[in-house]
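So, here's a batch of structures to check.
In the two complexes below, chain A is the common chain; its partner is chain B in one and chain C in the other.
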Partner chain A sequence: MTAVIAAASLSKWYGNVLGLNDVTLEIEDGITGLLGPNGAGKSTFMKLITGQMKPNIGTVTVRGRKVWNNPELFQGIGFCPEQDVFYEDVTGWEFLTGLLRFYGYAGTEIRDRAARALDIVGLTADKDRLIRGYSRGMRQRIKFAQAVAHDPSILILDEPLSGLDPLGKRKLIRLIKGFRDQGRTVLVSSHVLPEIEALTSRIVLIHQGKILAQGDIPYVRELIEAHPHQISVRSSDPRALAARFVGDPSIQKMTFGPDGRTLVVETHKRDEFFGRLTGVVLEAGIEVDEISSPDDNLQSVFEYLVGK
Partner chain B sequence: MATVREKGYSHWDGHLIERRFPWWPITRTGIQLAFRKKRFKIIFAGAFIPSVVFLVGLYISERLEDFKTFLQGSDRLINISPKYFATYFTNDSLLFLIVLVLAFGAGGLIADDLKHSSLQLYFSRPLSKKDYLIGKMSVIAFFVLILTALPGIVLIIFKLIFAGSFKFFLQYPWLPLSVLGFSALLTVFFGFYVLLLSSVSKNARYVLILIFGVYIFSNVLYGILQGIFRTPYMLLFSVPANLQQAGAFLFGQTLPRAVPAVWSFAVLAAICALSAVVLDRKIRSVEVIK
Partner chain C sequence: MTAAQAARQVFGFFGFLGRRTGKTRVFAILGLIPVVLAVVVRVFLHGRAGLMADVSTEILMVFFLQFYIVILALFYGTSITAEEVENRTLSYLLTRPIPKPAIILGKFAAYTALMFAMVGLSLALSYFIINAGRLGDPAVYGALLRYLGVLGLGILAYTAFFAFLGTILKRAIIIGLVFGFGWENVIQYFPGSTQRFSIVHYLKSLLPYHPANVGGGRGVALLLFRLEPTKPVVAVIMLAVITAGLLALACWFFRIKEYLYEE
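So, the complex of A and B:
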């Protein structure tokens, strides 16, 4: 599959501060989550792929066309920045219609598109209010509206869910997934792990301007073989279960949970462990209530990779 | 099994206007936002006072007999010639009013964009930095030309109407070109001047003070330096004095100070060039490290 967005050896620095360091990355159709803490280089990367900054080294292309100094490319890209970017004394309607004028639509088309975008984000009733009076959530939604109003095939969303209440987040997540289902490419950044998990399993982990890992969550998990997997087994007799595994060379460490029914195992060879676990449970006649991998989430993966 | 996604781009049947003037939305917004300020509307209306006064003078000049008792020997003042137009264009009050209008109407052109981080919205659209600057410059051109070229041409037309003949035009056929030339010079100079100062701060109020401050201080500096060095060349430090020199030259009048006009043109060009360099460096998306 041809990459929609491709970055090759991309570096950007601000004076002595390195914003992005030798990033090579390909982003395909669907939703890709860009995950990293504040200062990781997420916004720098997004600004580079939206042509707002020139890379010091490397190239970035969108659908094979270079981004820098190519404003026509942005007919098909929607960008939702993280910060508030409003003139406070204009209404939501004026904000949207003003920005739609850059695409060369006729007047009626501008009004239709603005109305549609406001409808998508549920701000139709508030379109004539000054943005000054908008709540944090409404501001996020109007920013999202300006990004989708021109019907772009690529959406770049910088922390779109920040500041939204749970209901607002759910609505926006549904909207973003709707865009994915229409075959569009969405790149969304966040430093909040559950937000990315709720949107996609395809992630790019970025830290200190470098890409630490990319792929879906299980793939990224495979990359960190050096760190043992944590598996939690809740059973009727965790100590008997532990006794069976004591001599197993694949086990690094075993601890008991505070409830007295949980055995927490750390192993490098997760598949091997699961293979043995079935036999052991059957042989010993231990009742297993739950098997979970508490660290098989994005938070754990991220913490392992950044060395926390 | 992999998810099969529907390629659901909506096919647009609307009419796409050819983007011949991609900067126009910037200009339109800039003008609209200026006229939302009540104070600006009052200043803008007041800025037409000189043109009204000069229009009245022009009318009186054609009806000298009717106004004889009021004029009492000062009829030479309203002798309509290129000097009359040069006086209109280069008098301190008109230049000050232009600065006033631009400070209140255009001071925030870039400062407000910087304040609201709007540049990243503009530059993630089909808009280049050049388009952006042309758009902003056009806002200034609108205000300057409406206070200079428009009244200048109107004054010439009314002169012909009041006189009832083309004699004046045939006598000075180059006058419309002088009007347009000096208006263009003011537009370009004030365009760069205001945009430069607008780009140095995110606070439009601070920019307003700067626009006035630099304009007035440059003239004060000229006065001080002239007092010290006793040479007319010190006028090169004064923004209004340089504009007046250039204006007098374009209208074919005796220069107000004994300094070749080319020096004033050079100073004005240097300010524009410096502004262009600074603007090129300052106008970029806000660089936030996250």
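So, the complex of A and C:
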């Protein structure tokens, strides 16, 4: 399959800070999730592939054409920026129709497209309100609307789900999937694994400006499984709790927290541990205040991969 | 879409946005100062037209030429690029199928039109109030057109200069203030060719000058004092060259430079 977006040995730095380091990547039709913690280089990569920044080293092309200073390319690209920024003194309708002018459409077509985009994101009723009066979720939706209003074949979405409530997220996820079903290319970034999981199984892991891994969700899950989970249990008697787990083969390591009330357990079999924990706590009559999994997130997977 | 069509669309969008901003409201209110001043002068001069009306008009022109159009051009000119970077809205423009120079040219045209509307309205109102006693004289209208022309050229040249500054510098407004109210105010009084390194020198060279009339008002004569005015044709050419040259440079820099948002 031919790559829609291709980056070759792409590097970008800001003064002494490395934003992106020797990234070679091909993005094909369908949805690709760009996953990484804050500051990983996701936005830098997105700005490079949308021609907002120029690479220091390497090349980036969209459908085989260079991006930097190639405005014609944007007739077919929709971009939703991460920042919550707008021309605040306009209404949602004015914002959309204003930006649609830049595609050379006639007045009627501008109005039709703006109305359709507003309908897609469910903002028709609020189209005449000033954007500065929109809620965070509405702002996120109008930002998405401006990215899709011109019907692009490539959609680049930088953290599009942030700030949305669960219902809003579900709606937007359905919309994005709808674009994929129409045969379009979607690149979506996020620092939240479940968000990406809900959208696609094709993931690119990025950290500290480097591509750590790319593949499907099961592959990433494997990486997580290979990394021992830390589970922290704060209770009335952590030592009694530890004594009950000493012989448990699923436990790799146990330590006590500095507060003297926390037991920190490392295990590869998290579900098994939780299964046993309930029984042990009830049996021994230990009062549990809090159970948390401090490394049960993407950051820890990345840290694990980086340290590997 | 051609660059000219794109610039026209940018003009339309930012002309509309420009009218909506709080900045425009503030500057429009500032434009009422000469109108109020004119009313005061008119009441004071009631029944005495002629000499004092000329003097008052010259005072008005000092306000317009050395303050109002400079401050307007400074804020609108630097904002052509700077507001997009500071507000992080540049992403919306750079990801549209429009050439980058069209953004500069379209915004420049929109903002200069907006400034000219504010300046023109303010000048026309204050001028007619001051000269209310001689509105039957065709020369009054000729002079107004000339003043409007000079201010129009001033808006274009200053805005081009500040647009250029805004395109290449992060804190353009500070440098712009130093230029607009420091350099421009001082250098125009330097004899010889040094004064020609200011925009205001060429603008003043285009103004009607009545030294005989101003004999009794030395302060006014000093305000609009000019040492060796450049010939009007040369002044117009110079202002056109300054405007076109700086705009071209602004477009070029905007095309090759990348703008990073501050974290």
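By definition in this document, the second predicted complex is superposed on the first by the 219 of 308 C-alpha atoms of A that agree within 3 Å, B and C clash if a C-alpha of one lies under 4 Å from a C-alpha of the other, contacts with A are read in each partner's own complex, and residues count from 1 in each chain.
We take it that contacts are C-beta pairs under 8 Å (C-beta built on N, C-alpha and C of every residue); 3 or more make two chains touch, one makes a residue touch a chain.
As the structure is a computational prediction, the values presented were derived from the model and not from experiment.
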| item | value |
| --- | --- |
| Clash or fit, chain B versus chain C on superposed chain A | clash |
| First (chain B), second (chain C), both or neither touched by A:71 | both |
| Contacts of A:103 with chain B and chain C, given as first, second, both or neither | both |
| Touching partner for A:38 - first (chain B), second (chain C), both, neither | first |
| Chain B versus chain C as contact partner of A:285, first or second or both or neither | neither |
| First (chain B), second (chain C), both or neither touched by A:166 | neither |
| Which of chain B and chain C A:153 touches, first, second, both or neither | first |
| Partner chain in contact with A:258 - chain B first, chain C second, else both or neither | neither |
| Which of chain B and chain C A:89 touches, first, second, both or neither | both |
| Chain A: partner with more touched residues, chain B or chain C | B |
| Residues of chain A at both interfaces, chain B in one complex, chain C in the other | 14, 47, 50-53, 69, 71-75, 77, 79, 81, 83, 85-87, 89-90, 98-99, 101-104, 146 |
| Residue ranges of chain A in contact with chain B within the complex | 14, 17, 19, 29-30, 38-44, 47, 50-53, 69, 71-75, 77, 79, 81-90, 98-99, 101-106, 108-109, 112, 146, 151, 153, 156, 180-184 |
| Of all residues in chain B, those that touch chain A in their complex | 5-10, 12, 14-19, 22, 24-25, 28-29, 33, 36, 112, 116-128, 131, 284-290 |
| Contact footprint of chain C on chain A as seen in their complex | 14, 47, 50-54, 69, 71-75, 77, 79, 81, 83, 85-87, 89-90, 94, 98-99, 101-104, 146 |
| Complex contacts: residues of chain C adjacent to chain A | 1, 5-6, 9-10, 12-13, 16-17, 20-22, 87-100, 255, 258, 260-261 |
